[in-house]
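Two complexes are shown next, each including chain A; its partner changes from chain B in the first to chain C in the second.
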Partner chain A sequence: MKLLFFILRRLALSLVVIVGLSILIFVIARIVPGDPARMALGANAPQEVVDRLRVRMNLDKPIYTQYVLWLGGVLQGDFGDSLYTKRPVVEDIAEFLPATVELVIFAGIIMAAGGILLGTLSAKYNNTWVDTIIRLFSYIGVVTPAFVFAILFMLLFGYLWPILPIMGRLSTGVVEPVRMTGMVVVDGVLQGNFPAAFDGIKHMILPALALALGGLSQEARITRSSMVDNLNKDFVLAHHAYGIPSQRILWRYVMKPSLIPTVSVLGLDFAVLFGNAFLVEMVFNWPGLSRYGINVMLQKDLNAISAVILVLGLIFVLTNIVTDLIVSFLDPRIRLGAAKGE
Partner chain B sequence: MDPVLSIQDLQVWYRIYGGYLKVVNRISLEVGLGEKVGLVGETGCGKTTTMKAVMRLLPVQSKVPAGRISFERQDILHMSNTEVQKFRRQGIAMIFQDPTAALNPVFTIGAQIEDVIRCSGSVKGKEEIHKAAVSVLENVALPDPERILGNYPFQLSGGMRQRICIALAISASRRLLIADEPTTSLDVTIQAQILNLIRKIVTERGTSLILITHSLGVAREMTDRIYVMYAGTIVETARTPQLYANPLHPYSVGLFRSVPRLSGGGFADGIPGRIPDYLKPPGGCRFQPRCPQAMPICEVEIPGLFPTEEGHTVACFLYQPAGGRQ
Partner chain C sequence: MESWIHNLGRSWYKFSRNKLSVLGFLIIVLTILLAIFAPLVAPYPTHSGPYVDLVTGAKAPTAEHLFGTDIYGRDIFSRILFALRPAFLTGLLVLAIVVPIGTVLGLIAGYYVGRAPDTIIMRLTDIFLGLPPLILALAVSSMLKPNLVNSMLAVSIAFWPWYARLVYSMVSSLRNEFYVRSAELVGESKAHILFREILPNCISPILTKVTLDFGWVIILSASLSFVGLGEQPPAPSLGTMVAEGSRYLPDQWWTAVFPAVAIVMVVLGFNLMGDGIRDMLSSEVS
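After this line comes the complex of A and B, so read on.
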């Protein structure tokens, strides 16, 4: 009951955030110089054709009227047409979003599992060579942007040592699964088309790794420091004194409290993956929402820009709610509303 | 009869930048079967470090350059890791100073107690383990054990938490209980309850007890015999009534004088100065810089333990038998 109330309250607050975001993006997209109608039709189109398009797009009306008209459409699930693809924006998003979601989930799994594992090893072998190497690499990982990894991986595994595909989602010659969820691996498994699923995973390895390494390094560092912190707590001595095996103490009794800060940051980093996907999708020619987003921004495709940003905003907000739920599951003091500061 | 625990010439050093802190300096002590022994001294004198050495819980940056600890004739310092785990499950239990820090904040009391019982291997099966956990809580006089098993540590009071720590310590029947200042972090009114509980448990089960405390009042009520520690050395050993009737070592005397009296009369004198730097401890007797009765020999030589009467020994040249050294 309390949980349901918590979720409803968070959703209500999120609605405010989303409405605010929609106003912001709506206004920003329109005050940036450049006439979207002119850009869509080209420099040689006659002025009256451009004017007709402006009227059709409501660009001749005051900005608040535009917003209300747009919002009315959005509430009915109509985000308008894209000037870039000449299709309804909703159709575009339905086509491109699954590819990005699939990539980001794969990257998120690598990020969470790799970061927590490396951080734990680093804490377990605190101040030995294992720890030193992990810390060194996680420094490098934190400071290197995802697109640098993307380009490095292309050079390494596409050119110097070509063992993994570096373009697109499927190899030529592989039978594409019938589109159900739009996620190649999921569709492949659902339809028993395992060659396609396997090929899809192979295509995701490099872009997902390039995306994940920054967050992974961040997670490793946070997990390490909070584990080292907890390993010095009295309760660890107590668990040892009661004769509980050291492996069990590390992976159960120290892991759970140490994951609390990791999961908080993991949630943020997971949402950031969608942002970083913009450049990684460009490099790996991944037909996802982020690549679509870049193209529509360059075209000043107003409806598409607003829709892409709103979808990303929604994902951010939902990720945050899920993160808070996991943290409250890990930390009873939050879940049961204990006094702060202990 | 053989003692349950015997420590001989134990040294414990901590490695820090610039050298080693010689925290425990050649300590010897013994605990007999069913005996209740007090370890008294001010904060930082090495009481807890000695007990951590006994439990093999010393941090990695420490080393034990010399000494021998045997528990029922087993050599603790040379046990393998699996042997240590077995020994902790069956041999010695420890109650920590701060029950809030000693309980894992994100696991329920039930999860923690049941896991300790499961790991001890004495009880098998989910139902049985749960029953054992309930009965352990009943043994420490906690009301409504079923509810408490589902609680998290932060939902309980300090006194209840310490009862739970005691419950964890006695969940497997062990032969020696080490209580490290078990009441320091509790209210005075709760202290008596907890101490009575510990006394009742060790008496009923015939368990030996080492009580670490800096409270002379607590030590008097709880123990048969007392070791007075100062700066990593044992300065005086006596049966409890002997010590309270006739403290001999200048440090013990100072310790007794430091206790404020309920009858008033202002704060007691205390002992001037502070515990020495363990990196470069003073030569000779470690108490000598603070000692009101220091003699020239105290700065040069380390006093041995001189017996004064049956069961009473003092590490002080004031009590060196006439006619030569030991």
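After this line comes the complex of A and C, so read on.
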């Protein structure tokens, strides 16, 4: 019951964040110097046409009325029309979001699996050459921006040693699966179009790696340090005394408590992938929401920008909630602490 | 005065125990010097701005052009040196804005923990943390004219909440310490309690974070200019240079790779140094 209260409180706080975020985004979109209607129509449009658009965009009303009208529309799934693609923003998002989600999930899997594996190996072979190499690798991974990885991978595996595709989502000649979820690999598998699914995965490897490496390195470092801490604890010694095999101690008993800090950061990093996708999609010409986001930003397309940011904000907030729940599942202190009402 | 020097010497001794931190320190000192003296050091100082010489355009690295030239014939090495200047300037100014703002807000919220100022400030912080920093910075800079000052503003908006949250978490636990209680009993002013009693005990983590963030601020502003929302060409900027160079892959790989390596080196330097400072300060506490 108390746990339910903990979850409800968490959700209520997130609601505050989301409402606040919608205000923040609205304010950001209205601080633009200049008249959005004039910008949409260009310098040569007659004044009365601009005035008509101003009325249609509710720009003639006070700012709080504008916000309420905008929010009302948003709640009904109406973000207005994009000035860039000349169609409802919702349609644009529905078209571009799945590609980004697919890429980010793939990158997230690489990040979590790779980071935890490398961190565990590093802790297991603490202070040997394996550890040194992994630590060096993860240090460089943390400080290198995703777009630098993107360009390096493109150069190395796209041109120098061309083993992987570097542009778009599918090779020419591959039959594109009928659009259901919008995720090429998922659609391919669902429709039994395995060549397309396989080709889709091949196209994702380089962009996903470029996206994932930063977070992967961070996860490896965190997993290593928390695992090294835990390996020195008394319960490990006790397990050894009982004669439990070292492998089993490491993978079963040390793993779970060691993953708590990793998972907390993993949640944050997963959301950061959506941010870095803005840079990586641009390099690999990936037709996702982030590339769309950059295009509308460069065009100052207010409706589309607000919608993209709001969608990403929602994803970020949801990810944080899920992360908190997973951590509270892994960490009995938080779970029971919440139950005690602390 | 002498004890101050003595302390500095001791700190340096602890810091220099870790060779990697010293390496980071050297990288940073070297790059800052290169940035400051760019007009003197750069082999082709005029190439920092608009300059076209198509004869020497798109040349691979040679002894004459250490990192090659771009399609306009500009020396990449010279441009990197000049691009370091806005990068460091951004780091310096952004942190000069966000650290005081975040710290003061965090102090106030932490001191009044559980009361109205706490709720207002920290919920506001939560809202700004409701977006990944890169997306928030992109959103703000997309609304403003793309230039160096506005990109600094955008980066600042994305960074202040982290300081507010860091300081808040420390202050909210420190505020019940005996020395704070006694200062309250004696009737010290709120400003005295916040800035003279509590703040000095929060300095170490703030200092560590500032060093590390210097690198992250540089990455974030490079990312903004990479997508075209920061410093505009022909002004030299590391992000813009990588973006422009990436259009001529793979034939002119040097136009993208060297500026990218420069970014990584600078950020690596700040990270190594930040880790060193953290170890140094934490060993001082113990």
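Simple rule for what comes next: the second predicted complex is superposed on the first by the 327 of 342 C-alpha atoms of A that agree within 3 Å, B and C clash if a C-alpha of one lies under 4 Å from a C-alpha of the other, contacts with A are read in each partner's own complex, and residues count from 1 in each chain.
Just so we're on the same page, a residue touches a chain if its C-beta (ideal position, glycine included) is under 8 Å from a C-beta of that chain, and two chains touch if they have at least 3 such contacts.
These numbers were taken from a predicted model, which means no experiment stands behind them.
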For this session: Give one word, clash or fit, describing how chain B and chain C relate on chain A after superposing.
Result: fit
Exercise. Touching A:V185 in the superposition: chain B (first), chain C (second), both, neither?
Worked result: neither
Exercise. Who does A:L13 touch here: chain B (first), chain C (second), both, or neither?
Worked result: second
Exercise. Is A:L118 contacted by the first partner chain B, the second partner chain C, both or neither?
Worked result: neither
For this session: With the two complexes superposed on chain A, say which partner A:K233 touches: chain B (first), chain C (second), both, or neither.
Result: first
Exercise. Should A:L330 be classified as contacting the first partner (chain B), the second (chain C), both, or neither?
Worked result: first
For this session: Check whether A:I31 is in contact with chain B, with chain C, with both or with neither, and answer first, second, both or neither.
Result: second
Problem set entry | chain B or chain C, by number of chain A residues touched | C
Exercise. Just chain B (first), just chain C (second), both, or neither: which does A:L312 touch?
Worked result: second
Exercise. At the Cα centre of chain A, what angle separates the centres of chain B and chain C, to the nearest 10 degrees?
Worked result: 80
Exercise. For the overlay built on chain A, what is the smallest gap between any CA atom of chain B and any CA atom of chain C, in Å?
Worked result: 13
Exercise. What is the shared patch of chain A, the residues that chain B and chain C both contact?
Worked result: none
For this session: Sort out for me which residues of chain C touch chain A in the complex.
Result: 123-124, 126-128, 130-135, 138-140, 142-145, 215, 219, 222-223, 226-229, 242, 246, 249-250, 253, 256-257, 260, 263-264, 267-268, 271
For this session: Within their complex, state which residues of chain B touch chain A.
Result: 52, 55, 57, 81, 85-90, 93-94, 96, 98, 100-108, 115-116, 119-120, 152, 154-155, 165, 168-169, 171-172
Exercise. Within the complex, which stretch of chain A touches chain B?
Worked result: 233-235, 237-246, 248, 253, 256-257, 260, 330-333, 336, 338-339, 342
Problem set entry | chain C-touching residues of chain A, taken from the complex the two chains share | 13, 16-18, 20-21, 23-25, 28-29, 31-33, 139-140, 142-145, 147-148, 151-152, 154-155, 158-160, 271-272, 274-276, 278-279, 282-283, 293-294, 297-298, 300, 305, 309, 312-313, 316-317
